[in-house]
Structure formats: structure tokens, C-alpha cells
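Given below, in the form of C-alpha cells, are the structures.
Next come two complexes built around chain A: one with chain B, the other with chain C.
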Partner chain A sequence: MRPTLAFTLAFSAATLFAPLAHAAGASDTDQERNARWQEIAKSIFGDKTIESTDTLVKIEAPKRAEDAALVPITLSMPDREKIKSVSLIIDDNPAPYAAKFEFGPAADTRELKLRVRVNNYTDMHAVVETPDGKLYEAKQFVKASGGCSAPMGMSDEEAMKGMGDMRMKFAEAQPGKPVEATLMIRHPNFSGMQMNQVTRDFTPARYIDKVTVSAGDETVFTMTGDISIASNPVINFGFKPDGKAIKVAASDNQGGRWSHSFNAPSPTN
Partner chain B sequence: MTASSGHPTRSGLTRRQSLFGGLCLCCLGTAGLSPRAYAETFTMDEVGPGIFIRKGLIADADAQNLDAIANIGFIVGENGVLVTESGGSLADGQWLRSEIAKRTDKPITHVVLTHVHPDHAFGAGAFVADKPVFVGHAKLKEALDARGEFYRKRLIDLFGEEKTGPVVYPTMAVADTAEIDLGDRTLVFTAHGPAHTTSDLSMRDSKSGLLFPADLLFVERIPSLDGSLKGWLKELERIKATGAAQAVPGHGPVRVELAPAVADLTAYLTALRDETKAAIAKDVPIDKAVGLVAQGQQDKWKLFEHYNRRNVTVAYQELEWD
Partner chain C sequence: MGLRGLFLGRAAAITAAALCLAAAEPADSPVNVPEPPGLYTGPQRGYTPPTLKGAHVVDGAAVAEMIAGPDKPVLIDVAPRERKPANFPEGRLWLPVHPSIPGAVWLPNAGAAPLPPEREVLFFNRVEQLTGGDKGKPIVVFCHVECWGSWNAGKRLVDKGYTAVNWFPLGVEGWQDFHETRNLTEDPEWKQAGGP
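== the complex of A and B ==
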């Protein structure tokens, strides 16, 4: 059985976090980082071989993040036919497996953007799975620290205001062409490492764990997420419109469920 | 440090450790300014009758400067001394306390905590033994609850626990306005809505007419946005409406003409707002917007490269839900 994200994360928390959190640091050598990646990759993908690629997937991230609690990431996967899913792993985060996107028939994978938290100087890996089950990885080093524990600058109540509200924006549509869309979800995505202002306890982790976007009857993607996704998640993605409504269903790890429907841009203008 | 990089570490790599609360703290050993180095680096300027201000360094906090980067000082009244800003670390506050002792033996009765940021709040520990009233915005307590320990750890990483000091809480909370009477002069306080931070407190001295807007007014040093961009522009209108001719800004020269200083700051914040809005409207994603917005302001502010991209990041998040 392939480990699911949830399984892997539970596993990570129990076995990877403790030894790695202390080992990880800004001054680690490439060998140390690589050894850590091998360990994480094994926990997620088992014994499957992961080849490196510079064509199937590319990661773009600021080399030095402005705000460790909001690090914009772009994943480029130009060859739609060869992409079944992509996993983003932030090696030195407390829960390294940040997100997995499984693409459906309505997806355009050329450019996918999301915002993450980065807790330490770290390698980031994007691992794509091809339809024949092979794995390919790309890597990017990012300098940032403290992103997971950075306080939100407001009370928990304020941070949770409007939780589950969504917006979607569409770039201009051209007939027959995929459309770029931006999905915004109001959600604090508490990491479990931020301190509550009143009780001085850590606010329990409460994060978006699944988002499914579909265009009409066809899935664009299903994202499985974790605490490494920045608060108020924003995802930029491409899809093939068929004139029907775009539906978004999101849930969090504490039983929150939200769904919204958006009018797709007209492909006839 | 230079405008574009952090300090070299042992490995020779340039490293800026982190940005937090709008402040960049850079990592180095744990030397710190000695009392003598302080004496050589800093002086107190008498900017008004009985008002003494030290100009903060236009730099990011590091192990050497002990976070002495804000304009701090005190006002001597008939009945006692009011500390306008406490300093960026226990060590910085202790230096300020020694400067007060050189000039007056009146008791230190009040210490103002103008907002939550470490370069303004961590000097307070030096005055705890004086048992003054610690004056702060009504929202300062919760802001310190959320961030105080986080900031303290970062300062400890820079120059050690001994020089950092404790998180000190306000004992007098200002929700709207308040007055403190020092005998021959009265200080009038205003608690502002979310602007530079969510806990900005300004003050006006009746004797000199000087306004103390703290970090609602940045001069020379690029402002850091950590509250609300729209709110800050709104609160600047209130600052102007005070009619004060001169002010002691939180950073920059120790005394400035208020109107032109507010105009410069308004120009930056307006550029930040309008250009971020335009980027959002054109679907320019945040990772591209940080390199494009407010570039016309680049030559007008020191440390621009350190803070503008972060300011755009903060502004973008505020404005994208409009």
C-alpha cells in the first residue's frame, strides 16, 4: 500500500520530526541535506526510485524569503500528459510533506502557484508522478526561518473570522484555451506551533487538509494539504473550461467543510 | 551592514536570518556595544525644553548594536521623568537610564511603550525597579502575548539573555485618549487604530507642542508595515489634524517639521497601496509584485531593499480580499 499523505505525516511527526528538527540547520552540508531527503523520500514513496528531472517539473521560490510565513512557490509542469500528481516537500519543516496535487482531466498543469511556510533553511522538493507510476524530482534551496511558529499578529478569533469564505478570479479567457484561475480561501491554517495570545498555550493545529476543484463534471485537481500551507491559502492554477460552473470543496482537519460554486469565464468572448 | 546583505558568518556566507514583525534581525557573535562604545556612538539631543532624544541607528538589529535602532528618550517634568521610548534591549534601556541619571535626580514615573516592536519595547526592563507607570495602547497586552516571547528569543539569539531582558507589560492601558500630568507639563496620549502595528500610541507634549507619533512617523528609514496599510493612511490624517508643527519620529532625525515628513511617508504608503492594488487587479501574483511595487520610492528611503518587498507582501494580503 502506498502511504497516504495523512499516514506519512503521522509517521513524520512521530519518527522524522524529533531527530530531524534538531539536526536541521542553516549550516548543514549538502551531504547532510541529501541524507535527510533520502530518509523523507523513503517514508513517503517507499523504495521507489526517484529520478531527477529538469523538464517535467521546475520549482521557483525566492532564494531568500521576505516573509517566512508566506513563501510563494511556483511549480511548472509543461507536459500535461506526463503528470499524474505532484508532491511538494519542504525537507526541514516540522511536517515536511506540505502538499500533494492529484490532477484530473480538466487540469492544465503548466503553472501552479501556492504559498507556504518555511521554518528553516531548507531544500524543497517537487516530486511528480507520471501516468506509468514513475517518479521524478526537482529541488530548490530556500533561506527562511520561523515561518511555522510566526504569530499571526491577531487573536485566534480574529484569524478565524470568515473561515471558509472563498473567492475565485479568472484571467482573461480565450476560446479553446486553458484559463488561469486564482482560488483564495479564508482559513488561518494554524500550524500548531503558534502561541495563543490569551491562554499562552499553542493554538491547536487547524489546517485545510483537502481541496477539490472541478470544472463541470471533471476534476481539475485534489490537493491534500498540511500545516506548511500559509494562512488564507491562495492557489493559482490552470484549467480547461467547458462553460459549466467551477466547484470548490474544502475541508480542514477539525471537521470544517465548505463548498462554493463560481461562474466559469465565458469561452466565447 | 550593507543595504543588500546580511553579515558574513563563519562559513563566509552572507546570511540574513529572518524577518519578523517588520524587523530584520541579523545574526552574529555576541559581543555587543560596551558602555564606552555606547558613549562614543550615541548622544542625547535636547530637542525641546527638558526633552532629550537619542537618534537610533539606521540599521537592522544585530549583535553589535544591541537593537539600538529607534529614537528613544525622556521628558523631564516638575514631578518626575517620563520615558518616551524605552529602547531596543535591556542594555539599550540601561544606557538610557544612565543618561537620565546624568541629567536629573527626579524619579522616573512613567515609561511609554509606543507599540509592540522589539526595538521600542525591550528597553522597558531597565526601568522595572523604578516602578513607573508603563503606558501602552489597550491592544498592546494581547500583541505582547502573541509576540513578546517570539521577539525575546530572537534577540537572545543575537546578543544573549542578559542583554535582552524581559517582556514588560503596560500597567496603564489607553483605549482612546489619556493625559498624564507631570506638574509643569501634560502629555496627551492617543491610541490609534491598526496602522504601523495594531498597538500604536502617540503623544503630545503641552509645553513644547511637540508631537511624538513614534513609528506612525518614519523619516529617512523605510517604514515597515505590520498593521494595516489603509489604516495607517487614515491615522496619518489624524496625525496631521493635531496641528503640531514639529515632531519626534520613531526613526530618523530626532526632530522634524511634521507636514513634509508626513507627506513623504504618505507618498510611500500611497505608492505601496495603489501599485499593489494595480498588481492584484492585473492578476500579478505576489511573488512578482514584490519586485515591482513602489520601485519609484527606492531612492527616497534607507534600507529600502530590506523592507519594501516585505511591505508589499503584507499589503498584498491586506488588499487581495478587498
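== the complex of A and C ==
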């Protein structure tokens, strides 16, 4: 049998039997996921109660990610006044606590996007903290695996070229309205779990651990990051412009420090 | 390789190049990856051959059928552990999890090649215990998709005289789409022996 044919047959057989096998039930797996979430939540938030919400925060993610090392996530938090911070937890990643965003006065929280690594089929949790200190969670299941150890497909030197360079794009501004911006930071965000395929050494973890964005004198957000953030981080966020420059300060866990200033768009007409 | 090609003729040169690739570095295409003559000593991540001489190549449905059948196979997962980065910050949450086929025995990295001799002995001992010394007992070896570890583990067992070795190349990724997984902890004896 030709290998290609064998491969095709294997796949079609898997597809044929899929619905039957799936119907066998997923309760044990679900219980395991819930237990794990309880364990993670306790280690991050202590004994604080976390209520579920379908209004304060929503997570959007592809049901099945095309690239486990680059999974786009959208967090929607329509009610700015009720959001102090949001934490993104990728339950089944080895380092589950992917990111925390603490919002400042210049933030518009309606839509926040970032790209993450996903190592196993997993629940993702977004936990928002309200100004009165209460916690609310939303959950989304994502199918992707191997994202944390996926090699970048280039040498470490090449991956680190221009490290710390930044770009920012702004959506069109309208008078008195928040502006949507996209921040791109050139940085490999090495997870420490990626093997150099040639030398077979593990590239040490080198990742952006803090990003602060401010509009003039007011903070938009401070992000605390981890190895689960995809390489070359891209963050979409909203802010309230006051005509002053947008400043970005970023640092990584190996002492890298970078800052850039961008001219905020002025409202047209 | 170019000079040799001149003398060997085109087809032979391509074969030589393919063999050379298999021995030294990962294949750059999933099609027709040749079986290496012995264990594969390149990086574990990479395209694998479509075959393993002396073993059956199975898919997830076939594995599920075997598990549901009367002669349940010994399931051996050789996926490596997640490696905690050496410089991962103290106090930051590190909680690796290993979803796999329910009932499997996890012998992390048992498909590495070379494997320290005492490790290899332990691998054979564990398989002997798990099969009750029956060389004809069905065994399924797997790790992740495109991972040479399970190919090597299967090869070791075939060479040792096991006659019902099943290699499941799609591994955990090929299983989890259609079947339940369970989080495994490392086989206690394997863990106690330590090692990579």
C-alpha cells in the first residue's frame, strides 16, 4: 500500500468512527477540567469567590486553532466602569497564567485582542475584577496543541533581530470617541520549551513580562505577560485620546527594556 | 552531494540524499520518509515514516476498537515531559498536564535514542511486567503526532521479539479529537529511576 493512501485511509476511518466514539461521553474529562480550574483559581486568586458572567467579559477564540503557537483571542468587556483588571488563564498550558491587564483611566475596555500559545486542548478563562474587588469569570474551550514548544522555524539570532522594535497602528479617530489601536512588538517571546532543531538545546525563556501603555499622563493598561504570549506580541486595545503622545514601555525577563512614543491620531473633521 | 550526483545518476542521488536526510536531520516533507535502518537518532520532533517494519500502523479508531475488545492492549505513551524552562521565575504558576489515552502507562522519553543502557533495561522490564511476559500481547505505542519517540519505542519492542506491536503515529493529537483523554502521571517505577 502506498504511504499516501494509507494516510488517507487512516483519516477517513477516523472521520467515520468519530460520531460514535464521541457519543461515549466526556464527563470524566470535564470533571478533570473543572478540578484543574479550581486548583488554578485557588493558587491565583486564593479563596475569593469567582462568579460566572456572560455580560461583564466574553472570550472569543477559534474553536480549532490553525496554528497552536498563534491563537487569536478577543476579550470583550463592554462596561468600562465595572472593569479594573482582566486575567487570561489557559488552563492546560504548563504555565497557565498567560496575562493580566490592569486598566488605567485612559482605557477603553470594549475590545482587547492578543495572540497566545496553546499547548493542549483546553478551557480558557477570563477573570475580571470589578472596582469593588469582586471576581467574575467567562470560559471558552479551544482545540489546539503543541503551541508552547513549537519551534519558530528560524535561528534564535534571526528571531531576536530587531528585538524591542515597535509599531502602532490607529483606527480612524472620531471626535470625542475612543480610538482603537494595534501595538506590535518585535520579540521572540521564547517560551523556554522550544528546542533548537539543529543544536538540540532548549532556547532559554525570554519573554515580555511587562508592557505599560499610556496616553499622555494617563495609563491605558499595564500588562503582565508570560511564556504563553505568542512570539512578536500583537495587542489590540482601545483608549481615550487626549491629543498627547501614546507611550509604550516594555520589558522582558532577561532585563531588556524598550520604550517608544507614538503620535496619537487627531480626530478628522 | 552535487559532485556525487554526477557520478551516481539522478535516481541514485535522490535516494542517497533521502537516506542521508533520515540519518542526520529531519525530513522536510511528510511524504515517503524512509525507515531508518535502526533507531532514529535525530530530533524527536519531525515527519515520521508511514511504516514500521514488524509492527502494525494504527489510527485512533483502531486503537479504540482494540481497547473495547476482549484482549485489551497495553498502552504505552512515551511522550516527553514538558520541560520547565531553567530560568522560569520562582513562584510563577507551573502546572504541566499530560492528557493521554485513558489507561495508558506513561514512560516519558522512552523513545529517545540513544537511551542510557539502564534506562533501556528498565523500559524492557516494564513492558515485560505490563504484558505479563507474553510476547504476543497486543501493545500500542504512541506519543505525539510527528514524534519519532513512539517509532523508536515500537522499533525496540519489535527487535526484542514482540509480535503484536501497534504503532499509533497520530498519538495524543490523533486521539483527542474523537475520544476522551485522561491526565496521566508518570509511571512510578520510571519516575523513581529518574533521568531525562
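What to note about this one:
In this text, the second predicted complex is superposed on the first by the 236 of 269 C-alpha atoms of A that agree within 3 Å, B and C clash if a C-alpha of one lies under 4 Å from a C-alpha of the other, contacts with A are read in each partner's own complex, and residues count from 1 in each chain.
Just so it is clear, contacts are C-beta pairs under 8 Å (C-beta built on N, C-alpha and C of every residue); 3 or more make two chains touch, one makes a residue touch a chain.
Every value quoted in this text rests on a predicted model; they were computed, and no experiment measured them.
Of the two partner chains, neither chain B nor chain C is touched by A:D108.
Shared-chain residue A:S43: touches chain C; no touch with chain B.
In the overlay built on the shared chain, the residue A:D123 is in contact with neither chain B nor chain C. Look at A:P62: by the touch rule set out above, it reaches chain B but stays clear of chain C. In the superposition on chain A, A:D252 contacts neither chain B nor chain C. If you count the residues of chain A touched by chain B and by chain C, you find the higher number for C.
In the superposition on chain A, A:T182 makes contact with chain B only, not with chain C. Of the two partner chains placed by the overlay, only chain C lies in contact with A:P94; chain B stays clear of it. With both structures placed on the common chain, the touch criterion links A:R167 to chain B but leaves chain C unconnected.
By the touch criterion defined above, A:M195 lies against chain B and chain C together after alignment on the C-alpha atoms of chain A. According to the touch criterion, the shared surface of chain A, contacted by chain B in one complex and chain C in the other, consists of residues 26, 143, 145-146, 149, 151, 195, 197-198, 200. By the touch criterion stated above, chain B contacts chain A in their complex at residues 9, 11, 15-21, 142-143, 145-147, 149-150, 154, 198, 226, 283, 285-287, 290, 309-310, 312-314, 317, 320-321.
Here chain A touches chain B in the complex through residues 26-27, 60, 62, 64, 66-68, 70, 72, 74, 113, 115, 143-146, 149-155, 167, 169, 171, 180, 182, 184, 186, 195, 197-198, 200, 232, 234, 236, going by the rule given at the top. Chain C makes touch with chain A in their complex at residues 25-26, 31-32, 43, 45-46, 49-51, 57, 59-62, 64, 82-89, 92-97, 99, 102, 144, 170, 172-174, 176-183.
Chain contact summary for the complex, chain A toward chain C: residues 3-4, 6-7, 10-11, 13-14, 16-18, 21-22, 24-26, 28-29, 32, 36, 39-40, 43-44, 92, 94-97, 119-121, 143, 145-146, 148-149, 151, 191-193, 195, 197-198, 200, 202, 204-205, 226-227, 253-254.
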